[in-house]
Structure formats: structure tokens, C-alpha cells
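In what comes next, chain A is part of two complexes: it sits with chain B in the first one and with chain C in the second one.
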Partner chain A sequence: MNSLALIIFAPLMMSLVQLFFGKRFRHLEKFTTAGGVGLAALLSIRNLASALHGHGAFPLAFSFSWFGFGGLRLGFHADNLAVPMLAMVSFVSLFVHIFSVGYMHGHPRYSRFFSYISFFTFAMLGLVASDNLLFFFICWELMGLCSYLLIGFYFEERTACLAAIKAFLTTRVGDVLFFIGIAALYGATGSLRFEEIARAATGGLIGQKALLFASLCILAGTIGKSAQFPLHGWLPDAMEGPSPVSALIHAATMVAAGIFLIARTAPFFPSAAMYAVIGVGSFTAFFAATMALVNRDFKKILAFSTISQLGYMLAGIGLGATAAGLHHLLSHAFFKALLFLGSGAVLHAVHTRNVDEMGGLAEKMPWTCATMYIGAFSLAGFPFLFSGFYSKDEIIGAALLFAAVSHRHAYLSPGILVAGKILSFLPFLLLLAAAGLTAFYTFRMMILVFHGEPRDRHRWEHAHEQPPTMIVPLVVLAFFSTAAFTFAFREPIETFFGSGTKESAVAAGAEVAHHFAMIASVIVGLGGIALAYAIYFFRKIPADFLMRNPQGRFLYDLFFRLYWTDEIYAGIARGAVALARRFGLFDRRGIDRIVDGTAPPLVSTSRFSGFIDLYVVDFFVNLTGDVTRALGRLARALQTGRIQDYALGAMIAVILLALWIGL
Partner chain B sequence: MNLLSLLILIPLLGAAVVLAAPKNAARLVALITSGVALLPLAALLRTFDPSNPDLQLIEVHRWIPQMHIQFLFAVDGLSFLMVVLTGLLSFLCVIASWNISKRPKGYFSLFLLLQASMVGVFVAVDLFAFYVFWELMLLPMYFLIGIWGAPARQDPDGRTRGGPYAAIKFFLYTLVGSLLMLVAILWIWNASGSFDLRQQALLCRTLGLKTQLILWTLFFLAFAVKIPMFPFHTWLPDAHVEAPTAVSVILAGVLLKMGTYGILRINYTLFPRATLATAEVVAAFGVINILYGALCAMAQNDMKRLVAYSSISHMGYVMLGMSAIVLWGSSDRTVIEGILGGVLQMWNHGTITAMLFLLVGVIYDRAHHRDIDRMGGLAVTMPIYTGFVTVAFFASLGLPGLSGFIGEALVLLGTWKTGGLYRFFVLAAAVGIVITAAYHLWLIQRAFLGKEREEMKGFPDASPREIFTLVPLAAIVIWIGIYPAPFLRILYPTLEKIVNSVVLSGAPTP
Partner chain C sequence: MIGRIDLASIMPEILLLFGTTGLLLVRPPRRAAGILSLTTVVLSFWATLPQWIGTRALFGGTYVTGPFPAAFKAAALLGTAVAIVIVFLDKRLQEHIPEANALILFTACGALLLISARNFLLAYLAFEMLSVSSYALVGSRPGEIKSAEAGLKYAVFGGAASAFLLYGISLLYGMTGTLQYGLVGPVLSSGAGIVAVLFVFVGVMYKLAAAPFHYWSPDAFEGAAPSIAGYLSVVPKIAGFAFLIFLLDFLGDSRAFLALLTASAFLSMTYGNLAAIAQKNVPRLLAYSSIAHAGYILVAAGTLGTSGRFAVFFYLAAYLFMNLGAFLVTTVVAPTGAISEFRALSRRNAFLAFAMAVFLFSLTGLPPFGGFVGKLFILSAAIDRGAWFLIAALVVNTVISLYYYARILKEMYLEDGDETPFPASATARFCVGALTAGVFLLGIAWSPVAALLQRIT
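The block that comes next holds the complex of A and B.
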């Protein structure tokens, strides 16, 4: 038993205690799970600190023979990737716990809620620390379960149930492919451990085709879990869950697990798979941002922004800048958790998610407003003062560098080299554009919620600032959303994640690309913010300028209706159910008819044989009887019982005998 | 100590005592009997040596020596788990049938007779005894479904349904299959002069491929009905829907396993060449079962029918896994994960489906219908019950951390590793996994989530007796999900031996 085991299993223990005994100790239920997660946070931060002093590798692991056959040992370890993640997950989770104490107050399933999020925390910590694909997958699915249970936490509402099912099934599509990827790697290497698979892959023990296939399958898992295109549709709907859940699971941690998976497996991804990673990431970053532009649901805007930011991380890792991707993952975890908890505070006050019914809340909820502003600046990438700026900038820089050095990727034939050159700029352009959109929609949202005239007087008047248990987590997370985070963690992130990611970059070129990218993203970001203020705050530009012409109207519809992807999914689901009904009918009407159909011929055959039996076989049987009886009757006629007849008979017999002898 | 005979004799004796006991004491006698029958099982757990791949605890009892017929009992890792499953489920089912009021003496007596014959099937290594137990099992099952099942009625589309119909369907279907098996058994006896499986194996393995294939098919058809394999499966939904809860549990939990058990015990042992030659066909039928069962399950409105179809789907994994034993394109490189997962899936399906049927029985006792569309909000009405439902359904849909996943995962790992055509089977099965998740979640949503239904308000939560039947199963489901090693250690040596012997004696001789 070492501290790693305690970090992973303390939240689990407390979750189970809460689940089974939570209701018995009503006054304790606030503390049990927060205690478990708090212990995990304390230990993992201590680990982080001592790992920093030990400079890098930190041997903390345990494993056992889980299958009981073969030599395969599976277990958990706290390696360079895991140590900072463990600290982040447990830390954010702790503050979400504290926030929830106030937020969920008075709900009939209060203790169940804490049990679920604590169990979730366990699964995420286990995932981060697992040293093999199987445990990773198990934790991955357990998080899916928690996500399902928590999205459907208000299961009395039909929308919540449907959202929960949608989330589970959509991610399940990715998960199944992910598992096939695991099976492919296991089939090729006989191992499930990341280390051994990477060694086999780099040693050329796995065929290139198999490796590419497995990598793409793993990417499919990420696409499902991290809500990337085309499996992104579940995350906006997942906002039906309580806001702390959105903060913890659907922003800071679980959805980031997909990114973490790519970071874990990137060492053996072939370059073709990496291009797919870049493509999915940068496209989704842009695609999701467009949908956030026009949405009216407070939490859905944040959900789209999460999808978009996850796209950044994915692109970052695909571009070879694993450190940048994970840096963004960590900084995003803090500022997005902050934004979601802030949105929860607002929801708690106004009881609606529709931004059209808000407005002017800044004076009612100053703390919430101020802390959310910090988060918003960080998300929008406001230069220098906020953590999001640094981490996002690194990714955009890496994208520019990728375009600049793309002649290195000139594996294509010379004919399409030019096209390749243009294509290689695409990630940079998409990510840069997305940065501008992000800045715009973030501040559109902030202004609509906090400024201007209250659009719903009644709600506004009942709004109030939240109690300290909910404000303190906001303040703490806000602190870590500023540049303070960057200055405190840049060094460790370089130390832990940076190994081997910079080697391909030409140092001088990298520097130039970075400066250029930084300037570009600052301009785009500030431009987006300025536009948002011009439209919604100062009203210099009418908000419905898009609607004025048909093309604009079409774009608006496209964004607002989420590119009709939901309709497509609904069609697939309906088709599946219709197909199932067909099969069900076929089973009863088709196969069963055949089975039942064997009965009537059997019965008629038996009737026929009964007929034969009665009229043919029995005829002969009866005939025998009849003949016998007739003979008997004849014989009986002879048996007259009169002595004269018998004497006559005897006479005749004697005469006949005599004749026979005599002749 | 003849533990294996005790396992058969105790229920047999109990069945007789039940008949002699007064009417009110029948259930108590049955409970004591199946409880006492757990004692030899506990002793078996201690004496059984999991590291030994061979048949153990061999018992020989003379029966008809003139014809070399004997009771030959033994267990290995494969049958050991099945015997334990039988004992456990029988005990729980007696408790689950506690409230049977219709002719309890007959019911419990037949139930114990059923238990004895099921154990007999799993421990017999003499084909004559195997066949006798196999047929003996039909008799109590027929009456249990026919008399204690739902009363006969007409369907809206004018067809007869109900216990008697289902019982006859089940009986005839199985009987047709087992007659084919009888022909094969007599053929082998004629050729080898023995009913002892081990001696028959010596002869049968020398047979030509054609002969092997014919005999293999005769056995296989008998077992395919029992699994039940598409298209021989339609007796199953009917039998399940009409049977009383405990009988459904036994039917799904134990009887279906006899199909795959028989294939592994007899087809794999006697006809290795035919087994290798037909492996892809069996795997393909397994995949059809997975997909077809899942799709049919999704279409059901009757909760019990849904669970019945899910059984068909889940047994497909067993067939798929146990076919993936040799690397594609090689004749001697074995794959063990698939068959290991398949057999573990037999055990898992036994425990999970038993839970599911018990749970359906709980709600049927209260609502007197199983119509999913007429339920809703049960999570509020019956929270403890819903907790068990969650464990059982998520185990059934293969959630990691619960036992269903381990079996399916090993099957998929092994099948993919086998390569070639099998990779397409994995891809098709993957579609089945998604559908499986869909119909389970859809059921949970329709019946358990949402607002509380007016007519279901005030339903009492699961009673202590019901909880008592569910807890052991839930514990096993979670245990295997978290740490499967103890179970896999029991199976591994036996299955490794089976696979090796199939491959060694089944490879075409140069």
C-alpha cells in the first residue's frame, strides 16, 4: 500500500460509505466524500511537489496478476504524465465537492450525488494512473457510467433521461472501437501495458497497417469521449445534469480523458494517424466555436466552447506539441471549471439557462461576476494576464510551425506537394479563426448575462449572491485561471510533459513562428472581444445583422440548429429501432410460424395415419377377428350337442377312413 | 466421500421426502434439501484442485455391466463451475419460489428432481448416463412450465399461447435434438464398445473427417437447440415468458449452458478434426445470435421477453469465443483467451441473467404485468430494487467493473487475436455491443426513470427475502468484475488442455 493506492482508492471508499450509509449519518454526509477527495488532493499535490524536487521520474507504482494466467501484470503508476494530472483532478474535484455542498442543498438524493461524483473522481484518478490499456478502459467506462448517472440525475425530467442515454450510447460507439484497438494491439504484442506496446511499436514488432488501424481506433475512442466531430452531439445535451457535474465531468476532467489517452498513446502513433488527430482536433475547434456563436443556452455555450477547446488540445498533441496540449488541458480544467461553477451559481439564482431571460446580474452577484470575468478572459486568451492565453498560444504556435516545416512531411508525391503545403496551413488558420470566435462568443455570453437591462424583471429581482461555500471555490479557481497558474506550473509542465517533443523543431524557426502566432492570436482575440462589446454592450452594431440577408440567415440557422447533426443522429436511432421491430416481427411471424407450422402437417399426418389405422390396419385386424368368428360360428354349428349328430359324423369318418385305406 | 453422487442423491432424496411431507412443509423440506446440497459443494470447493487440468474426483458405479454401462462421474475446471452454478441457483430459486401456492408438493418435488438431473448432466462422463440425465431433465421442466406457468390463452393474432403451449414446444424441440444425439451415441458405442467418454475419444479421434463431421453435426444439433442457436431459438422466449420466475432462472441460468457445455465436453473431445473444420461456422452463428438476439430484444415490450432475447444474444459470445482457438492460417498455434472468455461468459450469463429474471419476477409480483410501457418512475418507488436493477442491467450490457465485461472482453481479445475472418466477426459483434447498450438503457429509462406512475405508487420495495436471493449474485457479479483471477485460474488449465488436445489431434495428418 503506498500513497498512490491511497490517492486512487480513498475517493472510492468514501463513495461506497456514502452510498450505503449516507442516509444514516445525515450530518456527516457533507464531509465523507469531500474528506476522501481532500486526502487524495493533499497526497497528490505532495507527490507533485516531491516529484519536482526529484526532477522528473517519480517511481510510485503497484501491479498484480489480474487475469491470473499468463505473465501479464497490470497495475497503476504515477509517471510524468500522471503526476500533474492527479494533482489537477483531485484538486478541481475537491472544490467542486465544496461548491456542491451549497448547490445541491436540500435535494432528496443529496448523499447519492456526492457518492457519484466521488466515485467518478476515483475512476478518473485510476485512469490517469493506470499503466495499461485495460485498466484505462475500465476506468474510462466507469466514468461513462458516472456521467450517465449524473446527467440523468434529475431523472424525473424526460430530457435528462434522454440526454443521459444519448451520452452513453454516443460515447459507447467510440468506446467499442477503442476496445477493438486494444484488441488489435494485444493481438500484435501480447501485452496491454503502454510501456511494452510502445517499445514493441518503436522496435518495429507491429506491422505498420495494424498500428495505423489500432491508432485510428484509439482516436475513435477519444472522439467519443472528448466529444469531437462527428460524435460531439452528446455534450451540449449533457448540460441537463447539475452544474457542478458539468464543471467536473463535462469540462475539467472526463472529457479531457480522451485527450489524455492520445497523450498516453502518442508515442506509438504512426504519422498518418497523427494527421488524423490534427485534422479532427483543428476542425472541431473551429466547428464547435461556430455553434457557440448564436446559442442562447448559458450552459450549452460553455459546452460548445469545451468541445472547441478540447479540439485545441487534440490538435496540439497531434502537432507534436504534447506539452502544449497538456498545458492547455490543465489550464482549461481550472478556468472552465470556474466558468461552469459560476454558471451554476447564476442558475441557482435565476432558475433558467436561457440568456434571454438574464441580464444585469452584475450588480446582484458581484463575486460571481468578477470571478467569471477572470475565467472568461482566460478562455478568450486575453494576453499576458491569464493562463488560457499562454497555453492556447503554444498550440497555435505549434500549428504555424507545422505549416512552416511542412516540407519535412513531404511524403506525398511532388504533384500534390503544393496542395499539401496549402493543407498544412489549414490547422493554423482554423485554430486562429476559432480563437477569434472564442473571444467573441465568450464575451457575448458574459454581456448578455451580467450587463444591460434585466430582460426578466421577476427573475432579476429574486436573484441573490451565493453563500460562501459556493463563492470560495470560485475565488480559488479564479486565482488558478490567471497567469499565476502559468508562472507556477510552466516549469513543471515542461519538466514532466516536455521530454522529446521539441527535438524536431528548429529552435530559431520555432521562436519566430511563436512570436508571429502570438501576435496573430492577440489581434484576433482582442478583435473578438471588441466586436462582442460593440454589438452587445455598446450596441453600435445591431445584433441581428446576420439575419438581414438570406446567406446570413442560412449561416445563423446552420449554427443554431447545430448543422442538423442531431436530426441525423435521431434518424439513425429511429432507423435502428425500426429495424429491431422488423426483426422482432420476423421472429414471431417468420421463424415461429415455421416452427408452429410444423405442427399442422404433423397433426394431419397423424390424422391420416389414424385413418389408416382405423380403416386399413384395423380393417385387417377386424377381418382376422371376423374370419375367426365366422369360422367359430361354423364350428359352433357343428357342435350341436346331440349324440346322433356326433355318431353320424363318426360314421362318415370311419367310412372315409376305410375308403382311403382300402384304396 | 463420493461428493459427486451426494450432489445428485441429496436432491433426489429430497424430492421423495417432499412428496411424503405435508403440504405446508413442502417448501421447507425443499429449502433444507437444497441447503444441505450446498454442503458437498462446499467440500468440493476444498477438495477440487484447480491446477489439475484433468478430470478429478472420479467415481465409478456399476449399473448395467453386461453392456458396459456405468455411472461414471468426474469434474474438471469446466464442469466444476457449472456444478457450483447449479447448486447455487437451485438454492436461491427455492427461496424465490417461496410463495408458490398451487400444488406446492408437486412443484418442489419436481424442482429437486430437476436439480438432481442438472448436476447429473454436468458430472457424467459416461455418455449413457449423460443421455439419461439429459432426458430426465426434460420431464420436470415440462411439468413446471406446463402446470405452474401462465394459463393457456389465445394471442390477439389468434394463436395459442401459455404454459402448456410453451412446455410442449420446449419438450418437442429438445427431444428432436436429443434423439439425434442418441443416434450418434449408439453409433459410437457400436464402434467402440464403450460409453466411457475417455475411451470413446481414443476411437473417435482416429475417424475420418467425413464420419467425424456427421457425428459432430448430430451432437451439435442437439446442443444448438439448447443454447439456443439461431434459428432453433424460438422455444426460448415462449418458455421464459410463460414459466414461473424460478423456472426461468434455472432455464436461463443453467439449462442454456448445457448446450455450450455439451459442445465443449463431447464435440471438442470426441471430434477434434470436425471441430476445427467447423469452427468458423459456429463462430458465424455466434455472431448471428449476438446481433439477432440484440435486435429482437430491442423490439420487445414485455420485460421478460426482452431478457429472454438478451440471453440469445449473450450466448452468442460463448459460441464466438469458444470457436476462436487456432490462429488463422496456422495449424498448431493456439489461442486461449477466446474460449476462456466464452466459458467465463457461461458462468457470468448464468449469474447475471438469474438476477435479471429474479428482478422481473419481483416487479411482476407487484404489478401483475411486465409491460414496459405501463411502467415508469420505479427508481422513486422502489430505490433498493432499482439499485439491484442497475447492477444487473449494467453487468448485462457489459460495463467494465462488472462480470459481463470480463467475459466479453476476453472473447473479443481472443477472437481478434485469432485473425483472418474472425476480425470481421469482432467488428460485427461490436455493433451488437452498441445495440445491447441501447436496449438496456432504453428499458431502464422507460421503466425506472421518469415520473412516478400513479398506479405503481405504494409498491413495497424489495423484501428481505428477495434481497437475500439477489445479494449473492450481485456479489459474484461485482467480484468477477473487479478481480477475475480466481475464476480464470479454475478454468485456465482445463481449457488449455482441451484446446491443446483439439489442436494436436485435430490437425490434418500430413
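The block that comes next holds the complex of A and C.
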């Protein structure tokens, strides 16, 4: 037991206190959970600092044994991966707490809200520090539960309920596969600890096919939790939840848990599984960015952008640049939390999520606007001054490096080599294109919200700046979205996560690739921003230029209707139902005839068994109940209250016992 | 051979006797009496600390100290300390705090002696010391006919049981000419030896309130003040199980004794739980539940071996917190003991209702509370031993027990009733909080306790 235990369990304790006694402390409720999370933040930042001052490796661990089955020990350890994550999670959570004090003010389930997000924080911290798959999975599911509860927090509204159910069921698909993967690993290695599984895998103790199977199952878990293609549909709908929840759970932490899972398990992923990771990640990064281009819902734009950025992180880890992927995870957590909280501040002021009804809010909400600009620059990868630029750049550089050295992976026949070479450039191109799209949609969103003529006068007039409890978190998070974050943390991140490239031979190549990637992404990013300004701010290019021709129209529809994925899934569901009906028809026409023939004898048999059921089975079932009650009555009857009877009872007992032992 | 008189080793008992005498002579006012008794217990606890290191036999081997007995003593003294606080809070004993405390300290002294005794004569004397002061405690509710009746019944029944024990002991003495525990082993399988074993067994089971020698306990618990009932359900039981454990060092070879233990374990669990279903008085309900718990612990004791001893002690430790906690809340909330007094407690005093729920869940054996972990240890010891019949009985009984514990929960949380706030004194809140914390601690962070115990058992 040490500070790690306190970091993990303080939020849990406070959450439970809040849940059970929240109403008692009417005026303290905002302090209890924030206090627990604040303590966790303080301690984890202290841990981070002492880990930095000490040596690179800083394993802070405690473990306890639970149920003595199969030598299972549940442990926590704050290793290189976990220490910065713990600090980030508790820190962001703390500021989301503070923001929520103002945002949720006056809500009837105010204290329950804090209890939920504090409980969520516990689950996320536990997951990050868990050293084994079992506890990891438990926390994973607890977060799923919290996510469900919080998406549906406004359960008076039907859309919120439906979104909560959708999120729960969609992620469940991944969770089940993830659990199968865990079972497969346990079956193959007899252990659930990451360390031991990795040792067994690298030592060749697990068959390659089993390992590939397990790895793909784990990837499926990540796809569900991190809303990657094809299980991405729940995240935009999850925006029905309160904005601070979107900031904490659906941007900064829970969805990042899937990425963290891959970072944890990557050491034993076979290379084929790594290709799948790259494929899913880079495709989703591009795919989600296109959907954000035309959306009109403030929070959904941010949701698509989150999916896209998570794709970046996944691709980064798949490309072997774990440090880059996690660096992006950390910097993204800050600027995306900032953007979501900012969007929350705006919604609080105008009571709509539709960007068509906003506009011109900059003068009404200067602080929100200024801080959100910092977040937007960071998300768009504006060069040099903002944290997002550096972390995204590393991933794009890694993708280019991957393409450049891909001949090393070309174990395929020479005929396919050329095709493989082209294919290996695909992640780089997708990620680079996505960077351009990101810059464009981010500034499209910012301009539509904050500049131009107010499109809804009434809402604009009622808009107002938010109280300090909501502005201060924005300012703090904005600070961490600038390059200050990068300069403070780049070195630790490299020490902690290991440098992006493992082989020194390619280090020189890495340098070149990174410089090239940086130039390319600066051009693309600035281009995207410039285009957004040209269209929406200066109106040099008409906004509906896409609609002018049928192909453009088609593209617009494609993006706006989210590639019809919701319809496709609904279609699949309908197809399944129709197929079931068809089978049913066949059943009735074909098989039933045969079955019907067997009916008369069956009916008489079932009459008989019904009789047995009624008079024999039920008799015994009722008998158990009756006997229990009768025994209870008997037991009571024995206790007559007369001492003579007691003494007699004891004497009879002695005699019976003497008989029992065979005297 | 008479050993060197080693006063330091029996200092805990001496201190308790001093405390008793002091209380009776001075008869201080209520608060001072409480503080004086608590101080005595703390000093006595402090005096047991040296016993954690090394095993020592005193007075010709009749009295043995060591880490395992010291653990039992620590538990007994902790229970005594809590009981003193509960008695202090009991509205119906206000006028008689010094006497009640004196009797409690005297009982505790008997418990400590019984834990360390390794000689039948000393054990018998300690046993009587424990019993006689218990009779007085049960009858100590002033001016209540029910209390006096309960005390008298308890005394009569106890007298009969103690006669059995004494007869068993004298048979053993007659056959072997010695009263040392270990030296009577060879004669146990003879006919007279089996009779002696049976009689000793009766005495022990009476002290544990295990079926079929439990008759006294429901009446005694209902008649006594709830605070006293809580004390009697815990501390004498700890001493009784210590007595049993050390007897088993040599009686474990006797097949008859083990058969008796199995029978008693099964009967206690089943009888206790079934009878509890119909109860409407909370102390009486808890009395039956404590018969059932004695049955659970007997399952562990019957498995012998270190894992069994460990399970016995761990369960007793958890039981100490949860049972005293339940009695404490009952004392504060329902002085008459009627279940209806718990109605709507969650709205009247959410903290007490929550704590009571924790105690009841723990008594049922649900995670993450101490009772669950204790039950897990008992089951694991029984599985090692292959006692499948008792395991099945224990599991079925656990399910039954949920039914009557849940009735109190229902009363507290679901029933509508008078919702005027029910304030509890700071002492009560502190004590309830500490016991709740203990139950949680043993249910979540039990590994250090387990590690310590595994070293000494």
C-alpha cells in the first residue's frame, strides 16, 4: 500500500460517500468528490515529478491477492506507461469537476452527477494502473457502465436514453470479443499479468495463430471502446450526455482507454495484428474527419474529430511509434477536453447545439472564444506554438518512415512487392489528408460559432459569459494545450514511453522522415485553415460550392449522412429480422407439417408430464418451502421458555449424540 | 513442579481484576466508570503485547502464553472495549454502569484465563468465572422481571452444562491421574474415554451456544439489555472457541469428538437460521443468527490443521466487528428490541441505517465485507478437507440467512413511517463508524491481517 492505492481509491471512496450521503451534505457535495479527485491529482503529479527526478524507470507498485484461485494476484503498478496517464486522468478529471460545479448547477440530480464522474475517475485510474488483464477488464466494464449512466443522465429525454443504450450495446460487441481474447491468453499462458503474457509470447510459448487470434480480439475491444471503424457509431450519439461528460469520458479518458490497451498489449502483438491496427487507425482517422466536414451539430463535429484523433493514436502505436501515439493521447486529452468544455459553455449560453443558430458569439463570450481558439489551433496542428502540432507530427513522421523502410516487411513475393510498397504509403497519405481535413473543419466550426452575423438574434442576445468556476478550467486547460505542454513533457514522454524508433539504423532515416513530414503537415494544416477562412470568414468561395454538381452533392450527402452507416446497420438488423421471418415461414410450411404429425402422441405425453409436474414436481417444490417454514415453526416450538423443557432437550440431545457416536 | 511465579505474564488478568475491584469499591459516576473501565482494558491489552513473542509455559505448564493465544486475547479485549462503550450508550442501564462494567471486566478476566489454560482444572475455573458473571450480567437489567427470569434460566441451564463438563473432566482424571491437556490422549478411545469426550463436548458447546445446547441463548439475549447481549454473543464465544481449538490439539485424534463436532456444526447452522426466520425481536433474531454463526465456525474448527485454525480466528475477528456493530445499532435505535423500531431508519438517520446495512450484509456473507472473506476461508479449509456435506449445508444456510437479515433492511429502507430525524450521540457515531470501517477493512484490505495470522497459527 502506498500513494498509488490512495490515488486509485480516494475517488472511489468519495464517490460512494457522495452516493450514499450526498443529500446530507447539501452544501459540501461539490467539495467531496472534487476533494477525492484533487487528492489523486496531487499525488499522481507528485509521483510524476519524483519519477522524473529519479531514474527513468519508476515502478511504483502494490498488489493484493483476491480469491485464492489459480494463484491469481491482482496488482497495481505505476510503471512508465501509467505514471503520466495517471497524472493526466486525475488532472483533467479535477478540472472537469470544477467546471461541472457551474455547469450542472441547479440540476435535481446534482450530487449523483458528481458521484458518477468520480466513480468513473476511479475506474479509469484503476485501469491505467492495473498490471493484469482481469482488473483491467473489470475497470473497463465499470467505465462502460458509467458511460451508460452519464450519456443517459438526462433520461427525461428519449434521445438520451436511446443514445445510452446504443453506446452500451455497440461497445458490448467489442467487449465480448475482448473477453474472449483474455480467455484465450489465459488459456495459452496460465497468467493474466501483462508482464508474464508478454514474456511467454516473446519466448515463443504461445502458438502464433493463438496469439494472432487473441490480439485481434483485443483490437476488437479497442475498436468498440475507442469508437473506431466499424463500431464508431455510438460516439456521436453519446453527445446527448452533459458536456463535461463528453469532455472527460468521450474525449479525454475513456475512449483513450482503448488506445492505452493497445499500448499495453503491443509488446506481444504479432506483426500481422500490427498491420490490422495501422489499417483500422489510419482509415478511421481519415474516414471520421470527412464526416466532421459538413456536420452542423457543434458537439458532433467534436465527436467526429475525437474519433479521427483516436485513429491517429492507434495508427501511431501500430506503426511502432508507441511514444508518439501516447504523446498524442496526452496532448489530445487536454485540448479536446478544453474544446468540449468550451462547447459546453457555449451551449449553456445559447441552449442549442446547431451551429446554424449561433454565430457572432466572440464578443459575447470573449474568454470562451479565446481559450477555444487555443484548443482549435492545437487540434488543427498549427505549427510550433501548440501541443497538438508536435504530437500529431510525430505520428505522421512515423507513417512516412514506415513507408520508407517497408521493404523490411516485404516477406511477400517480389511480384507483390510493388503493390506492397504502394500500400505502405497509404497510412501516410491518409493521415496527412486527415490532417488537412482536421484543420479545415475545426476552423469552419470556430468561425460558424464565434464570427459573422448572429444567425439567431434571440439566442445571441441572451448569450452571456460564464462564471469563473467555468472559465478557470478553460484557462488552465488552454495553457496545457500550448507548446508549453510539449516543452515541459516532451522529454519525460520520451524517457517514459521509449523513443519512437527501436532500431538505431533507422534513426537517421527517422530524422529525415520527420522533417519531411513536418513540412508536409504544416503546408496541409495551414492550407486547411486558410481554406476555412476563405470560405466561411471572407466568403471568397461560396460555401455551397460542393452542391453545384452531382458528384459533389453525392459527396456531401455521403459525409452528412455518415456514409449511411447507421442505415446500413439498421438494414442489417432488418435483414436479420427478415431472414428470421423467412426461416419462420419455411418452418411453418415445411417442418411444421412433419412436426404436426408427431403432435398427438406428444400432446398425450405432455399431458402426462404436466400431471407429473403439477402433482409430483410441484409437490416437492412446495414441500421444500413448507418444510422450511414447518421446521421454523418447530424450532420455535422447541423454544418454549420453560427451563424444564430446555434441560430435558439437552438431556435428550446428549442421549441421541451418545447413540450417534456409537456408545 | 511449580514454575517460577511470573507475574508479568498474567498481568493482563491481574489488571482486569484490579479494575473490577476498583469499580465495585469506589462506584464512580457513570462517565468516570466508563473511562476507568476502558483504561483498564487498554492497559490490559498493552500488557498482552509481550506475549506475541515466543511461547512460554507457566505454573507447571497449566498456563501457556504465545502469539496465537495472544491474538485471541487481543480480540477478546477489543470486544470488551467496544462492549463497554455500548453499555455506556444503553439507556436502560444508566443507573448501573459501574456494576455492569465490573461484571464485564470480570468476565473478560475469565475469558483471558480460559484462552491460556492448558490444564482442565484451570480451564474449569476460568469457565465458571466466565459463566457466573454472565448470569449476573443477563439478570442485571434493573426492575425487569424478564431480565431476572432470563438470568435465572441461564444460571440453571449453565449449571447443568457445567456439571457435564466437570463430570467429563473427572472421568479423564480418574483414568489418567492427570489434568494436563496433552497427557489424557491415550485413553480417549476407550469406552469411558468416549463418555468423557461427550461430556466435555457438551460443556464446550454450551459455552459456544451451539445446537443442541443453545437453549439458553435466545431467552438470555432477549431478556438481557441489547448491549449485554452483544457482549455475551462475542467475547465468551471467542474464549470458547480458543478453548475448543486448544482442546482439539489432542481431542482432534478422537473420532467421536469429530463426529460430534460435525453434527453440532450442521445442527447449529440449520437450526439457527430456520428459527431466526420467524423472529420479531431483533436481539432474539441475532441470538439465533449467532447460533448459526457458531455453526459456521465449527465447520472450520472441525477441519483441524492450520488453515482451519486460521479460518476460525479470522471469522471470529470479522464476527466481532459485525455482530457488535449490529448490537450497537440496535442498542441505540431500538432499546426494546422490536423490529418495528427500525422502520424508515434510512430517512431518520441515514448513517446508522447504512452502518446497519453493512453489518447485516457482512453477517450474510456478501462481498466486499469481512463476513464474506471469513466465509471464504472457512469454505476453503473445508474444501481442503473434503467436507462436502458441511459445505453444501453452509451454502444453503447462507441463502436462508439472507431472508431474515433482509427483513431488517426492508424495514429500514423500504417501509414508510415516522421520519422525524433521529440524532445519535457523537460517541455512538464514532463507535459505529469505527466498527463499519473494521468490517470494510477485513473485507477489502484483509491481506495484512491474514499474513500476520498465517504466521502465528
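Annotations for the structure displayed:
Here is the rule we use: the second predicted complex is superposed on the first by the 564 of 663 C-alpha atoms of A that agree within 3 Å, B and C clash if a C-alpha of one lies under 4 Å from a C-alpha of the other, contacts with A are read in each partner's own complex, and residues count from 1 in each chain.
The definition used in the following text is that contacts are C-beta pairs under 8 Å (C-beta built on N, C-alpha and C of every residue); 3 or more make two chains touch, one makes a residue touch a chain.
Because the structure is predicted, anything quoted here is derived from the model rather than measured.
When both complexes are overlaid on chain A, the residue A:152 reaches chain B alone and has no touch with chain C. More chain A residues lie in contact with B than with the other chain of the pair chain B and chain C. Legend: residue contacts after superposition of the two complexes on their common chain; A:485 is shown touching neither chain B nor chain C. When the two structures are aligned on the shared chain, A:658 is found in touch with chain C, with no touch to chain B.
Look at A:335: by the touch rule set out above, it reaches neither chain B nor chain C. With both structures placed on the common chain, the touch criterion links A:579 to chain B but leaves chain C unconnected.
In the superposition on chain A, A:650 makes contact with chain C only, not with chain B.
When both complexes are overlaid on chain A, the residue A:165 reaches chain B alone and has no touch with chain C. Overlap of the chain B and chain C contact sets on chain A: residues 65, 67-68. Listed in rising order, the residues of chain B touching chain A in the complex are 159, 169, 173, 231, 233-235, 237, 292, 295-300, 336, 340, 377, 379-380, 394, 399-401, 405, 409, 412-413, 415-417, 419, 426-427, 430, 433-435, 437-439, 441-442, 445, 449-451, 483-486, 488-489, 492. Within the complex formed with chain C, the chain A residues making contact are 1, 20-21, 23-24, 64-65, 67-68, 628-629, 631-633, 635-636, 638-639, 641, 643, 646-647, 649-650, 653-654, 657-658, 660-663. Note for the complex: chain C touches chain A at residues 152-153, 156-157, 160-161, 164, 191, 194-195, 198, 201-202, 212-213, 215-216, 218-219, 256, 259-260, 263, 270-271, 274-275, 277-278, 350-351, 354, 376, 380, 400, 445, 447.
Interface residues of chain A facing chain B in the complex, by the touch rule stated above, are 65-69, 134, 137-142, 145, 148, 152, 155-156, 158, 161-162, 164-165, 168-169, 172-173, 176-177, 179-180, 182-184, 186-187, 573, 576-577, 579-585, 587, 591-592, 595-596.
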